[in-house]
Every structure is written in structure tokens, then in C-alpha cells.
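Across the two complexes that follow, chain A remains constant while its partner is chain B and subsequently chain C.
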Partner chain A sequence: MKQKLSRSLFLIPALALLSIFVVYPVVNTLYLSFLSPEGKFVFLSNYADLLTRREIINPRGFARGFAFGALPHNLLWTLIHLPLTVFFGLLLAVILRHVKGGVIIKSVIFLGMVTPMIIGGVLLRFIFDGRAGIVPVVLSIFNVAPRTLTAHPDTALIALILGSVWIWAGFSMVLYSAGLETIPKELYEAAQIDGATPRHIFFKITIPMLKPITTVVVTMTLLWNLRIFDIVYAATMGGPGGATNVLALQMFFYAFRRLEFNSAAVVATILMLLAMVAATPMIRSAWRESR
Partner chain B sequence: MFKRLLTLTLLIVLVSGVALFAVEDRLVIAVPWAGAELEAFLPVLQAFTDETGIEVTPITLRFEDLAVFLPAQFAAGITVADVIFMWSWFIEEKARAGHVLAITEVIDPADLLVGALDPVTIDNQLYGIAYTGKVKPGFWYRLSFFEKHGLTVPGTWEEFVALLEEIAQIPGIVAPIASGNGVGWPLSDIAEHFLIAFGGPELFKALVAGEIAWTDPTVEAIFADKLVPLLKAGHFGEPTEWTMAKELWWGGDYGLYFMGSWITGMVEDPENLGLFTLPGTEGMVFAIDYAFIPIYTERPAAAKKLISFLATRGQVIQVGKGGHLATYINVPLEAYPPVDARVAELLVGMVVLPDLDDTIGGAFQLAFWDQLKLLWVAPEMLPEVLGILEELAP
Partner chain C sequence: MNRKTAATLLIHIIAWAIALIWIVPFLGVFMAAIRPMVEIIRGWWHVDPFTPTWRNFIGAWNHATAPLAEGMLNSFRVAIPATIVPILVAAIAAYGFSRFRFPLKNYLFITIVILMTIPQQMVVIPIFRIMKDIGLLDTHFGLILVHTAWGIPWILFFMRNFFTTLPIAVEEAARIDGASDFTIFFQIVLPMSIPALISAVVLQFMWVWNDFFLALILIFSPDKLLATQRIPLLRGLFHVDWGVLAGGTILVMLVPIIIFVLLQRYYIKGMIGWTSK
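Here is the complex of A and B:
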């Protein structure tokens, strides 16, 4: 009994901090999202109104091929960025595992990850610049006329997504590199004795053994995709014509440029719900491990 | 030994504390300038300190950042600085909400340009000052470039278009006009110049006041008949980060660059600078730097002294450093460097106009910048661009 009580006492500081800095803001944001600017309780009206706004979902954008709205942009970001990040991270980790100087190469790749994202955004602006950037120069080898990819609405979003793969791939590479080291060598040796080909070894041993790492990489990348802000803010400010706008940036504009705090709270709540869905696999995995 | 060390430490803390509080007043001013621009402002603050004994510490804060955190600070009853440079629309908005100190008794409006204080005056109460300003006069060019290629300043619209076509033919030229980018304001300056040149100052004022629609045929015609054909013809370069665009223009990749008068302090040889406005222009944007005192300052008396100094004598020192034009009417013309005196001459006979997006502000300002970035690369989207601007206009 005494032991239980002392355990509970130790929980109090953490619970107090969580209540003040997490629970209260979350509940208050949720409550704010149900209020009109005049403070009247309107329940889901703000949500209905927001989801019909052009900056959130833009049906006309689908017809012409750009500026789909912040919500579809986030989804598109996830659809392209997530598989590429997982693929390149794994590929780099496997390739560089036995390469001489692989550690140095990995460190260089990981630099993108430790660079502040706001600086990453500025770098992307210059990397895709038609006059000074390296990407248009490389593309010109394939007879693509050089142009500033982030300045044109039809290429700006994809340019930022691919740029962010470069920034984030270092994260998945490091996790997969660590994961590869945990796979027992005996498994590979046994497979080789049984006559398994490298392809079989990779798909039947490496990939299944890396499943917990993949769960972490996918979840963290999903969460990162949902809260993407600084790269877009620094590189394009959501433009041109809203072609690169994302939910977190729109939330910022609602809150601090339009001073529409209820709209900002609605976006924040939608982001929170999406994040909860994204985090479910990792929470489940952690739960299973703890049991 | 330990006791001695403790005594010595306490003594040092005590002495330094006394020294800190010995300064009667110590103000903090938030300015939008850094680097060379801030260097040029420091002598103004030094002159104020010499005159009053009040020390002033400048901190650099962009207007875009101030717009984000000042509302939260004001809601909490605190302020980042005693005097803050900021957009006029923001000062007006916060003054109406009761966050700005009235300074009517320390400023004589007759000392400043007529109309300069209008954006920060509410019900005959003054809530901010007009410091110096910069004009956005027109297209800058290198005299040596025009001389080398036998180019002349246009006197009509047709001559202007012919000049652009002539520049486009020069080997090595990427586009006749460089397009500065950043958050988007350089393109808004060009659009404003076209609106003034072809719509006249009255139409421009009506747009600022929200008395005419952006989709009005008169406004649409200016874009559709003048600006859009130039964009479609490739006479404007791709939007490029504005300081980089300046370097490329100065290096000969572009023939012309539309920029504010601060460019005189940014080029290697200001004497090699030439300037012309679009033919027929009768007005010019004079973008004034406004400053205000939040009511949350702990030193209102000293802050008022500083703001009064900035509105008057401080401007004499500032204009001498180049790139600024005074709103204080008693600044002699000799106080200006020669190149700025030439810019000041251009203002003669022109209607002085406020910066459109800085005056309207808020969501419109962001949309104006963003939609112009879109128009620059997709001019065929003009109707949609104007439609969005109309939705957010006052």
C-alpha cells in the first residue's frame, strides 16, 4: 500500500505538467473549434464551413492540375513522400552497410536531417532556382528547359516534396542502419547454407526482421508529413497561388494573419485527429511489446 | 578564503547592479533593418542619446514576425520594445483595440508631410509617427548599359514596349526586366506602379479604400492590356529572390529592375544608376516607415521623447546616410546624398500615394503577394487572380 502511494506521488509532477501543457491546451483548442468568433456554441458548423473553403479543398484545382487545397496537399505529400523515404532510407542503409567509408557517407546524408527545417526550406528555394539551382541544371541534361521549379504552380508542390525526401531520408536511413545491426548473423549464414539467393534473403529475412523499425519510420514520417510547415514557409510561403499550401501553414495564417482563432482551432483539431490515426500502428506495436 | 571569495562576488554583483540602474532610462526600439541599413540608423540613436542621456538598444524584427507575436504579447500586457516600427494598418488596428499610446501632445502634424500621419490618426488622436520613407519610383537601369547598347529612356508606352523588345535582342540578356521575389512584395510594387500609371492616382486611392472592385473593367483592363501582354511576351524574368535578382541585373542578365529608392544604397556604384517611370505616371508610392509606442511600455515619457526626435531632427541624420526620404518638412535638400536628391526631385509634381498592400494589410496583403507570384508565371489566370483579390479586398 505504502509502495503504491509513493509510486503515485512520483507521478504527480509529470501529470501536473502534462495537464497544464498538453491536456488543457488540447481541450481548450477543441472547445474553441466549436465556438463562433462571437463566442456562440456552433458545434460542427465551423468544420462544415472550413471544409468548403478554397484554401482547404479546392475542387477547381483538380480540373486544372494545381492548388488542390491544403488538405489534399498534405495527403499528396504523404502519398509521395512516405514510400520514397522508406524506400531510399532502406536502400541507402543496405548499400552503405558494407561500403568502405559508409559511415562518413551516412553522416553526410544525415546532415539534411540535423539542419533546421527552416534552413532546409531556404536551401530548397535555391536548389530549385532556374538560374542558380543544381536541379534545373541536372534536368537540362535531359533537355528540360531550366526554370525555377518552386515558382511555377504545376511543379512547386512536387519540387518541395522531393526536396523534403532529401532532407528526411537520412532519418529513415539511420534507423534502418541500426535495425540491420540487430539482425542475427546466424540467420543469414543458415539461409546461405540452405542455398537462398540474395534476393530471397533480403525479402524473406531482412524485410520481416526490420518490421518494428519500419513501423517507427512510417509513423514518424506520417507525423512529420502532417505537421510540415517550416520548409513550405521558407521556400514558397504556400504559393504561388496556394499551390504548396499545407494545413499547418494555413493554421498559422488563420491564427496570426487573419486572427481567425476558431478556424485555426478547427485546423488544429483536424491535424490532431489525423496524427492520432497515424500514430495508432506505433502505439499498438508498443502495447504488444509491453505485454 | 571562501568568505573572501563570496564577499568579492557579492561586491561585483552589487557594483554592476548599481551601474545598470545608474542609467536613468534605457529604451528598446524594434526596427526592420539589419546590416548596412541598421548601421545607417545607429547614428540617429546616438544623436538622441547625446541629446537626452537616454540609451537606446535597437533590435531587428521583421514586420511579418511582429505581426505574429505582438498580438499575443499585447493580450498578455507586455511588449518586446518601447518603440516599434510596424505597418500602418497594424498600428491603426491595435490603436482601435486600445494597445497603442496616443502621442498627440508630442507631435506637431504641421512638421510632417501633408497626409503622412493620416493612416495612424483616429478621431483626431495621433497613435504613431511617420519616420522617413522610400519611394517606389520606377525602373532602374545602369547608365553604362544604356550607353553601351544605344538605348534611350522611353517617352510613351509604345516606346517602352519597343525598348523592352530591343533589350530582349541583346546577347546574354535573360529577360528585359528582372522580377524580384521574396515573400512577394517586389511584384506588388510593380503592379502598383502599373495601376497608378494607367489608372491614375484616384483609381489607386479608390482601390486602397475599397471603393472600386478589383474585377472592375477599368482595373481589369490595366492588367489585361498592359501588364499581362508583357508577361506573356517574356519581358519579365522569372521571380527570383530579390537580392539575387539585383545582382543578376547589375551583372547584365537583365536590362531593367523595378525597385524602391533603397536600391541606391545597395549597388556598387550609385552614380551609374538611371531611373524612369512608366510614361504618363502622375503619382508615386511613398512607403513610409511608421513607428508607435505600445501602452505596455514601462518608460512612456522617455519613449515619447524618442518618437518625437525620430519624427523631426532624427530624420536629418538618417537621410544623410542615403536611401531614405524625409517626411519631416524642415530637412534641407543639401542633407541628401546626390543620388537621393535626384530621386527626391522625381517626386516634384507627383501625387504622393500610400503603399497599397501595406495600407490594407491582413489577409489581403498575403493574397496580393501570392496571387501576383501566380500571375507572373501563369498570366492566363488573370480573371481568377482578380476574383480572389476582390474577395479579400476591404
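Here is the complex of A and C:
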């Protein structure tokens, strides 16, 4: 009995803090998303209403160009950012093992991960600036008239997405580097003796052996893509004309600018559901491992 | 042999080209920070004239509306307790999860894993209201509480994974000698866990220092704003004052970068251990 009491003391502080500041708020936000602004229970009608709003999904944008709405922007962000992250991370991890000064290059690339994201946003605004930034100048070599890329609807979102690859690539690079260290050397040696080509070795040994790492990289990158907020806040505030708006930012606008708490709760819930879908492999493996 | 040399050369060129692309934005912001506005407004890569100056750093440090000196002090005031407290609380709980048997343990653990994936947007409205009700809105203490709770899931997950790798024999021997659970935890397990604890400290401190969203929601008095909140305020009213903004970003960036350089090994171990185990 005494032991039971003292042992529960190990768990109580953590569980209490989690209950008050995480679990209760999650349940409460979910409940809010089912209420009308007057407090009446309307279940899913807020969701139906929201999904027809122009700032969330803008069907006319698909025909006329940006803005498409926050939800398609997040999807587009993921579609471009995720493959590039996986590609660059793997490429860098593989080639930097054989490069003189590879450790230094790794640290440089990892700087983006260490930097506060709000500063990441400032840096992106800076490199894309029409006068003081370097990217428009480089593009002018290819006869593109220099302009602030983040200030024009047709280029703003793409610029931020590519910039976010620059910020986040260090993450996948570091994970893949660690993963490569765990592949036994004998596997490579045996394959070489059997006369396998480097290409063969890469696709038949390296890639399959890195599969668990790839799962982690993909999951964490998806979660990161859904959470994009600081970068956009600092670089464009969702502009111009909503062209870089994303769900997390729209939630903030609803809740703390327009005081539409129910709409904000709906956006937050959609974000959470998407995050849970993205994290399913991670949750499942943790579940299997804990039993 | 010749082909191999060419391939090695190509790999080096690609690697250093990528490194160059990756360093250029940082180089740019550094050049903008150490030079007067007139020299960089047409591009920081024009190096003639080149007049190094401290003025941008001083301008950001003593900024009229958003002085970074105050902001960095506030950030330390929040980040230090918001690192120590959750690590202590979560490590104790993690030990419970790794060693004790209790009902619903697996379900509780998986709930905590799920909590790791939840976006902050899902909690901020109720948290804002709770803080308002208990009078902690716009206080650093309130923000520390939220960061503490928010850090618990990943630290718990990370520390539990670490504790399960520790040999249990030492603890059992101590138990036979009559040591209590708390004695065993604080005098045997914690000292063995110092490398993992350092990893947790590095990651949690950087997370809190770099956080913008929670601070944005909970802190709004001008004198209480954290460092990250002041960065957007350094932009200038009518045009972007790149010099002061760059100086400010470097000052705020410097803290996590110094920690990373000094404790890189722990940072990377922590990141890998927390995501993949």
C-alpha cells in the first residue's frame, strides 16, 4: 500500500500538468468546434461552413492563380517540401561521408534547424527581397526582372516552400547520416564480392536498410509542414492577398484577430486530424513496442 | 582509376556547391548586420565600400520600441525554468513508466505518444482562457507552465526509452539493501542518466528559446515580450530596416548556435533518440 502510494507520486505531477494544459484544452477545442458562436450545439455544420470559405479553400483560385486557400496551400507545401527534404537529406548524408570537410558542411546545413523559425522567416524575406536580396539578382542572370518574390502572389508561396527546404533539410540529413552508420559494413563487402554495381548496392541495400529512418523523416516532416506558422508570419503574414496563407496562420487570425473561436477550433481540429493521420506509423510502432 | 578520381571530384564539387548555397543566407544577414544601411540596400554582396560597424547590433539591443536586451533577458527567464522543471517532472514519470507496473500503463503511454503529435493550435484557445481565469495571462510564469506541460510528452518518451536501456541489476541490489524508490531514482538512476539529461536540456532549451507561437498568444505587454517576439517588431515602420533587423536576428540566433556548437553531440543524439529511439 505504502509502495503504491509512493510509486504513484512518480506519475502524478506529469499527468496532472498534462491533463490541465494539454488534454483538457484538446477536448475543449474539439467541443468548441461543434458549437455555434451563440453556444448552441451544431455538430459538424461549422466544418461544412468553413470548408466553403474562400480563405480555407478558394475554388476560383485554381482557375485564376493564387490564392488557393490555406488547406490547398498546406497540401502544396507538403507535396513539394516532403520529396525535396527526403531527397536532399539522403543525398547529403550519402555524399558527405566521402567528402573532405563533410563534418563542417553538415554543421552549416544544420544551422537552419537550430535557428528560430521566426528568424528563418526573416531570412527568407531577406534573400527574396527585390533590392537587398540575392535570389532575384541570381535570377536576373536568366533574364527574370528583379522583384521581391515574396510580395507577388504567383511566386510568394513557391519561394517560401523552397526556402523552407533550406531550413529543414538538415533534419533529414542528420537522421540519414545516423542511419547510414548503423548499416553493417559486411553487407557492402559481401555485395562487392558478388560483383554488385554501386547502383545496385544503393538501391538493394542502402535504401531498404534505411526504411525505418525514412518513416521517421517522412512523419516528422509531415508534422512540420502542418505546423508551418512562424516562417509565414515573419516573411509575408499570409500575403499578398492570402497567397501564402496556411492553416496554422488562419487559425491564429480566426482566434486572435477576428475572435471567431469556433472557426478557429475547427481549423485546429482539422490540423490535429491531419497530424494524427501523418503520425499513424509512428504511433503504431510505439504501441507495438510498449506491449 | 581515372574515372574514380573524376567521380570523387564531382562529388566534392556538388557537396561544396550545396554548402555554399546553404551558407549564403547566413552570410548575407551577417554582412547586412555589420555594415551601414546605405551599403547593403543595393545588395550586401557589393563590398566596395565596406565599413564595418557595431551600430546595427547596438540599434537592435537598445531599440526604441522593442529593445532586444530586455527581450533576451526575458527569454532566459522563461527558458531556464521551462527547461529544468519539465525535465525533472518528465524524467520522474518516465522512470515510473519504465520500471513500475500499474493499470492502463500501455494506454497511458500511447496517449502520451499521441500528445507528441498534437499541433499547438489545438490547445491555445482553452489555454488562453485558463490563464485569463487564474490571472496568469501575460505573465512569464504562465508561459513557463505551458512550456512545462508541452515539453513533458517528448521528454517522457525520450527518457523512458533511455531508462529501459539501463541495467536493472544495480537498482535491484539497492532495493534489497532497503533503498526506497525515490532514493534509487535520485541517487542511482539520475546520475547514470546525465548524458540523456544533457540531450534533453539542450533540445528543450532550444525549443523554448526558439518558440514564437505560444509566446505570441500568452505574452503581450511590451516590456514582457520575449526575444523572438521582438524580431518582427525590429522591421521598421515605413521600410524594412535590414541592418537593425539583421543585427537583431544574429543576437537572438547566437544563443542556440553557441549551445549547438558546444553540445552538438548531445543535440544530435537527443534528436535521434527522441524521434526514432
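By our rule, the second predicted complex is superposed on the first by the 270 of 291 C-alpha atoms of A that agree within 3 Å, B and C clash if a C-alpha of one lies under 4 Å from a C-alpha of the other, contacts with A are read in each partner's own complex, and residues count from 1 in each chain.
Simple rule for what comes next: contacts are C-beta pairs under 8 Å (C-beta built on N, C-alpha and C of every residue); 3 or more make two chains touch, one makes a residue touch a chain.
No experiment lies behind these values; they were computed from the predicted model shown.
Taken together through their common chain A, the two structures put chain B and chain C in a clash. Taking chain A as the reference chain, the count of touched residues is higher for C when chain B and chain C are set side by side.
Contacts of A:F62 after superposition: neither chain B nor chain C is touched.
Once chain A of one complex is fitted onto chain A of the other, the partner contacts of A:R131 extend to both chain B and chain C.
Of the two partner chains, chain C is the only one that A:V23 touches; chain B does not reach it. By the touch criterion defined above, A:V174 lies against chain C but remains apart from chain B after alignment on the C-alpha atoms of chain A. By the touch criterion defined above, A:F256 reaches both chain B and chain C. Contacts of A:R291 after superposition on the shared chain: chain C is touched, whereas chain B is not.
Of the two partner chains placed by superposition, A:F202 touches none, neither chain B nor chain C. Residues common to the contacts of chain A with chain B and with chain C across the two structures: 125-126, 129, 131-132, 252, 256.
The touching residues of chain C, counted against chain A in their complex, run 8, 11-12, 14-16, 18-19, 21-26, 28-29, 32, 40-45, 89-90, 92-93, 95-97, 100, 102, 106, 108-127, 130, 145-146, 148-150, 152-153, 156-157, 180-182, 185, 206, 209-213, 216-217, 228, 231-232, 240, 242, 245-246, 249, 252-253, 256-257, 260-261, 264, 267-268, 271-272, 275-277. Put simply, chain A touches chain B in their complex at residues 125-126, 129-132, 147-148, 151-153, 237-243, 252-253, 256-259.
In the complex of the two chains, the chain B residues touching chain A come out as 67-68, 71, 174, 181, 183-184, 238-241, 244, 248, 253, 362-363, 366, 369-371, 373-374, 376-378, 381, 385.
The part of chain A that touches chain C in the complex is made up of residues 3, 6-8, 10-11, 13-15, 17-18, 20-26, 28-29, 32, 88, 92, 95-96, 98-102, 104-105, 107-112, 114-119, 122-127, 129, 131-134, 137, 166, 169, 171, 174-175, 178, 212-213, 216, 220, 223, 226-227, 229-230, 233-234, 247-248, 251-252, 255-256, 261, 264-265, 267-269, 271-272, 275-276, 278-279, 282-283, 286-287, 289-291.
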